[in-house]
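Here come two complexes built around chain A, the first alongside chain B, the second alongside chain C.
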Partner chain A sequence: MSELTHASAQKRLIGGQLLGSSQLVLGGILAVLCIAISIAAPQFYSEANIIAILRQCALVLIVASGMTMLIITAEVDLSVGASLAFVGCIGMAVLNSTHSLALGMLAALAFAGGVGLFNGLVVTKLRVNSLIATIGTMMMLQGGVYLFTREAVQNHNQLASFTDLGAGYVGAVPVPVIIAALIFVVAYVTLRFTTLGRYLYAVGANERAVRLSGLRSERLKLLAFVVTGLAVGVAGMILSSLMNAGQPTAGRGFELTVIAAVILGGTSLLGGRGSLFGTLLGVLVLKVIDNGIIILGWNQDLQMVVPGIVIILATYLDIIRNKANVR
Partner chain B sequence: MSVDFLHPGEGAPIDTDVSALEMRGIGKRFPGVVALDNVDFTLEPGKIHALMGENGAGKSTLIKIMAGVYGKDAGTIRMRGREVDIKSPRDSLKEGIKVVFQEIALISEFTVAENIFLEGYPTGRTGSIDWKKIRADSAALFNRIGFNVDPAARTGSLPVSQQQMVEIARALAHEARVVVMDEPTSSLTPNEVSLLFTVIRRLAALGIAVVYVSHKLDEVFEIADTVTVLRDGRHISTRPIGEHTNDTLIQDMIGRRIDNLFPRQRGAAGSKVALSVENLSTAKKLIDVSFEARAGEVLGFFGLMGAGRTELAKAIVGYDPIASGTVTVDGQRLAPHDTRTGVRLGIGLLTEDRKSEGLMGELPVYQNASLASLGAFARLGFVDKAKEHQAVQDYVDRFRIKTPSLFQQIKNLSGGNQQKVLISRWLMRGLKVIVVDEPTRGIDVGAKSEIFALIDRLAGEGLAVVMMTSEMPELLGLADRIAVMCEGRLTALMPREEATQEKILNAAIG
Partner chain C sequence: MSLASTASAKDQPSLLARLFARQELALLVCLVLVLAFFSATVENFFSVRNMTNVLGQASLALTAGIGCALVFISGEVDISIGSLLATIALPLIIIMNDTNSLALGVGGALLFGLIIGMVNGYLVAYAGINSLIVTLGTMFIMRGGVYLYTGQRAISDDASLDSFIALSDGRLFNIIPYSAVIAIVLLVAFGYMMQHWPFGRQIYAVGGNQEVARLAGYDVRRVKFICFIISALLATVAGIILAARVGSAQHTAGLNFEFQVVAATVLGGVSLAGGIGSLTGMALGVLILQFLSNGLRGLGLPTEWQLVITGMIIIAAVAFDEAKHRRANGG
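For the complex of A and B:
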């Protein structure tokens, strides 16, 4: 008997985690969006367009995977956009001088991971609030990239493998989408099935309780910062491949898109609550809106306005739904 | 603003035939919950009326209706025979009801005098605020309650006990006929409590009806004239205090008898030293504290507020840094300020502050229980959930933890059940020494005895239990040996048999 109730409760939970909470609202929004746009513009469902949307999603999803982990620990990183641009320039410069994709990639990861580590240390050791700390880092990186290069770092080698990173395909699927899918799966499995994932939620839910339980809460947060940084490293290289150059001006506002997707996906800024599946939905919603505005031929400035409205609306719906649940 | 409060006895004569406040058939429902069901509550002028009940009994809903924080769904409220309609806190104050909540609602950046006259500053001829008068009137008010607070002091800089006095002075300034004190002693020292009681008696002598909300039995017996008990949103009894004994009051509150709050099941303590603390000092509080705790014993630490019990608890488990001294668990020295080695060696803290240091409120029961022992359920970093859930289920069954499922968010459990989950967290890890700090704080009378039984069982299973408490009955009922602290020092250490309340209190005062 108790076995039975146990099993059914577990089933409910799994269903709940996949489709419960804000995901349901979000899934609904996504469905309505897709239907509405496809009625107005049938080309929405063309293979080319779907692939374009997925490619658009890839960069955001890569960084949002790390960011979800970080926000679950109740911290945030606003420097990812600035870091993205810097990483692209550095990766491209190393690539130019070494002719090696591996070394370029390594440099990008080392730099972006280093930025994450720096943010993490400032937050956990100096105890500076992460919002403030990473705004500081963002400013340093935005200015710093111009100390590094005044203009775009052009691609001198045209290595085929580097071009494939952003523009290549495996079968019909773009390479960035595959990379994003891999990172997403790894992050998903980590959060859902491993002790590390559980500890990340625990730190966000109550850091002191975690410390009293004999765990090193600071290291867990540090790790989440570094992981976010590494994700930026990957995304930065893909972006510079897509643009065929390292652009110091790239990535403006990128951090907002990433954080918006994570929050939209139901991850709480207060920590301890959230899911990567929600983040995936959040990314899709934002990018489908982007795409819809373009294929409907609307004013492109709405690309910022509409997601802003959606975020407020979705969060509000979430609050209403939570209240209904409590009662 | 009227000034007749300055002249006690010159106001309207107190009519003792008419109730100060009469609530009849009060009902209040929240979605899914009936918080109050047909509750009657009548207050007589000049009497102190205790309102008791377990958490969730409806006490706070009732006083929030008086205060105008909640509207009622059913029933009537009469003030001195006249039916009133209280729709907001402002209405409540206007009708002469002042509720002093546990979380004091003063503006901490304002001075005492400014807070007292917050609802209407007296003004001079030019319309400018008459500060001189405010100061003088404030001083007069304090004079009347027989307690002096500097009217010019910044409110936030005062201890809670004095902020309460400011609230009481505000009540007088509004000519309140009813003053409600909500759990007023929860953060006061014994000295402050007796001062507060003097002031409360004075309010009663002025003809004010005082409601005293508490679940501390000894206080209620000391101060109340009448006791009303609520349970599950219903009125259970209203009786003069003289008709009650400890047992009848508890029985009314929990609906059943508790024969023995402290059933001792365990045998005598062993002789093996599990924890040894030597010359422990911290930068802020502790001075040269040394003691040993043996496997199988409950070592109770008593002390007044600020004696350093919580500081000691946090220092010995490695949560807080220490300045000097050593902590040894089971023969191995602990690295200072490092909970990790502490937990590895087998010492853990059951915190006094469940919400901010113990619970992960948003997370389900099972994750809260397994936090410290998750590694034991993992293979290559992956959690074996079936194994984990089974282990947690075992504890839920063993300790009779009331939860709809393992997946319930722990914030939705009662305090007693939350505490049991946190105790499970440590037992699943396997400890040699458990430090419990105020283990029954915020826990209902009924659940308290279960926590006591659990602590008894822990010691019975061979753990050394170090218990920090400010509750004398808890100390005398559970401990094998009693240590007393005063201002960061250990001032006495005696076997239970030699301990008396006087001896303990003397050592606590230092």
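For the complex of A and C:
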């Protein structure tokens, strides 16, 4: 009995989104894209290319996992791109001075988590709209990273374990993909099968009701900000490992790619609705398009145009389908 | 009795509190403080030359800020204006190079701006898509389109028309830059519209409470549609001024411009939630940030510090504003 109510509550909260039509459409788009590109360019299905796509997806998926939680609570974080660059520089600097991957990783996580905490506190305690608050943080981080270092922080130690973080493999699978998969699974289980996850949906759907029922809605939002920050910390270290340096200019426009993937996956900016599975599909669609443009030898500047069209179109289709459902 | 007297003492706010209750006045005080501080610390800061220079620099954000404020007040956002700056510079410069006519170039740019505004407005108002998503999308599409078309190279202004160059370094009576004159005229005109025209009041009504506005017989969709068109056209004017200043169509023009304008508009007390704010407030917000950045440069601080300090000020200003509202609402 309790099992049953639990399941039905789950279904109502997530709105039957997991395998709802939204995901089906997105999955269909992904399949059509893959088939079309591989007909036009057979090398699309080579092992090397698939691994390249997955590696591209990993960075976005890591941060998008946190961002999905955050957007479900009806907040947003525009500072993740700027933070990504800063984290890479700090992580690399600590790595250079301590010769320890653990300490470098710790510094990166502490910094990025701190940024998330700061954003969260400004939004929940000072009640600043998260769009504005994180634009402010973005400016501070963009300026701050140049005050920290004017040029790339080079990798002086070449620790093997650090290089593996970005470029290593376990069997045939790149390490970043494994890290992304782990983070994704943890986030997925949290959102879908735990009370905490359902509270996050509830906060986004109706914050007042959540507060009246005795939950601390602010704590939940704060948590989502910190989780997003920590995800940026992980992604920042992987990125600096891949580039073999901490680049202050890295991460330009990264926040927009992440948010685009989350929205494409059917998560509503108004909060309370969305799923991580959708986000995964969103990331895959965007990165397959990116890869297709390169493989087909098209102009790489299309990599900006196509996602723009895709986000608007996907959202529009979602609206049309919702209207049809109501009827 | 004693309770009542303490209550009435609380009801009587101090002079300072009353001053700050009026948003524009509080902003004006901040602007004066900024001006006073840098006049005392930076040589030649408070000179006619520097003041008018800053005004000229501020003209871009002032012009585009009007549109940004209108869209905010109507309850939506437009973050595509930075990419728009780069986009409309293409028809402007190309047509001028071909025809040697400023009027045709500006006409072409405005036509482009109009179409972009109509697309944004249609997708938000009639297709019903969230405005953040729409303008995020068109921001990508326009920037990518400019990169595609130009191959990431600037297109220089070969016509070098005197009238076009005057937009960047010409000055009215040899004092005020023409760009600032344009911005001020637009500000006054739209400020008057917002207060005295029915359409201006309709924007406030739509942003304040969409359902009530609809029941009152306003065409909510049309109001929003027009706001996006105005925003795009004003950003086009800003883009024309920018193109004149750099003497070319730059594919990177206006990068992050949307964030600067949004920040200044919010600093000026225009609420993202819609229905609240004034163009005076927005203009003061732009001026505070512009003078601050000019003054900090005068103090010899690297540009990066300006970013950091601007970011902090935006958060602090909005937090302060929010705290004030909460106290006013007793919660």
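By our rule, the second predicted complex is superposed on the first by the 309 of 327 C-alpha atoms of A that agree within 3 Å, B and C clash if a C-alpha of one lies under 4 Å from a C-alpha of the other, contacts with A are read in each partner's own complex, and residues count from 1 in each chain.
Here is the rule we use: a contact is a pair of C-beta atoms (placed from the backbone, for glycine too) under 8 Å apart; a residue touches a chain by one contact, two chains touch by 3 or more.
Everything quoted here is computed from the prediction, not taken from an experiment.
**Q** Considering only touches as defined above, state whether A:205 meets chain B (first), chain C (second), both or neither.
**A** After superposing on A, A:205 lies in contact with chain B but is clear of chain C.
**Q** Taking the superposition as given, does A:319 touch the first partner, chain B, the second, chain C, both, or neither?
**A** second
**Q** Looking at the overlay, does A:44 come into contact with chain B only (first), chain C only (second), both, or neither?
**A** neither
**Q** What is the contact status of A:133 with respect to chain B (first) and chain C (second): first, second, both, or neither?
**A** Once the two structures are laid over each other on A, A:133 reaches chain C alone.
**Q** When the two structures are laid over each other on chain A, which of chain B and chain C touches more residues of chain A?
**A** C
**Q** Touching A:277, do we find chain B (first), chain C (second), both, or neither?
**A** In the superposition, A:277 touches no partner, neither chain B nor chain C.
**Q** Output check: A:188 vs chain B and chain C. Expected answer is one of first, second, both, neither. What do you get?
**A** neither
**Q** Does any part of chain A touch chain B in one structure and chain C in the other, and if so which residues?
**A** Comparing the two interfaces on chain A, one with chain B and one with chain C, no residues are shared.
**Q** Where on chain A is chain C touching in the complex?
**A** 122, 126-129, 131-133, 135-140, 142-144, 146-147, 256, 259-260, 263, 269-270, 299, 301-309, 311-312, 315-316, 319
**Q** Flag every residue of chain B that touches chain A in the complex, lowest number first.
**A** Residues 30-32, 317, 319, 339-340, 342-344, 348-349, 351, 356-364, 367, 371-372, 374-375, 378, 381-383, 389, 393, 405-407, 425, 429.
**Q** Residues of chain A touching chain B in their complex?
**A** 2, 5-6, 9-10, 12-13, 193-196, 198-199, 201-202, 205-206, 208-216, 268, 272-273, 327
**Q** In their shared complex, at which residues does chain C touch chain A?
**A** Contact set of chain C toward chain A: 77, 123, 127-130, 132-134, 136-141, 143-145, 147-148, 152, 259, 262-263, 266, 272-273, 302-308, 310-312, 314-315, 318-319, 322-323, 326.
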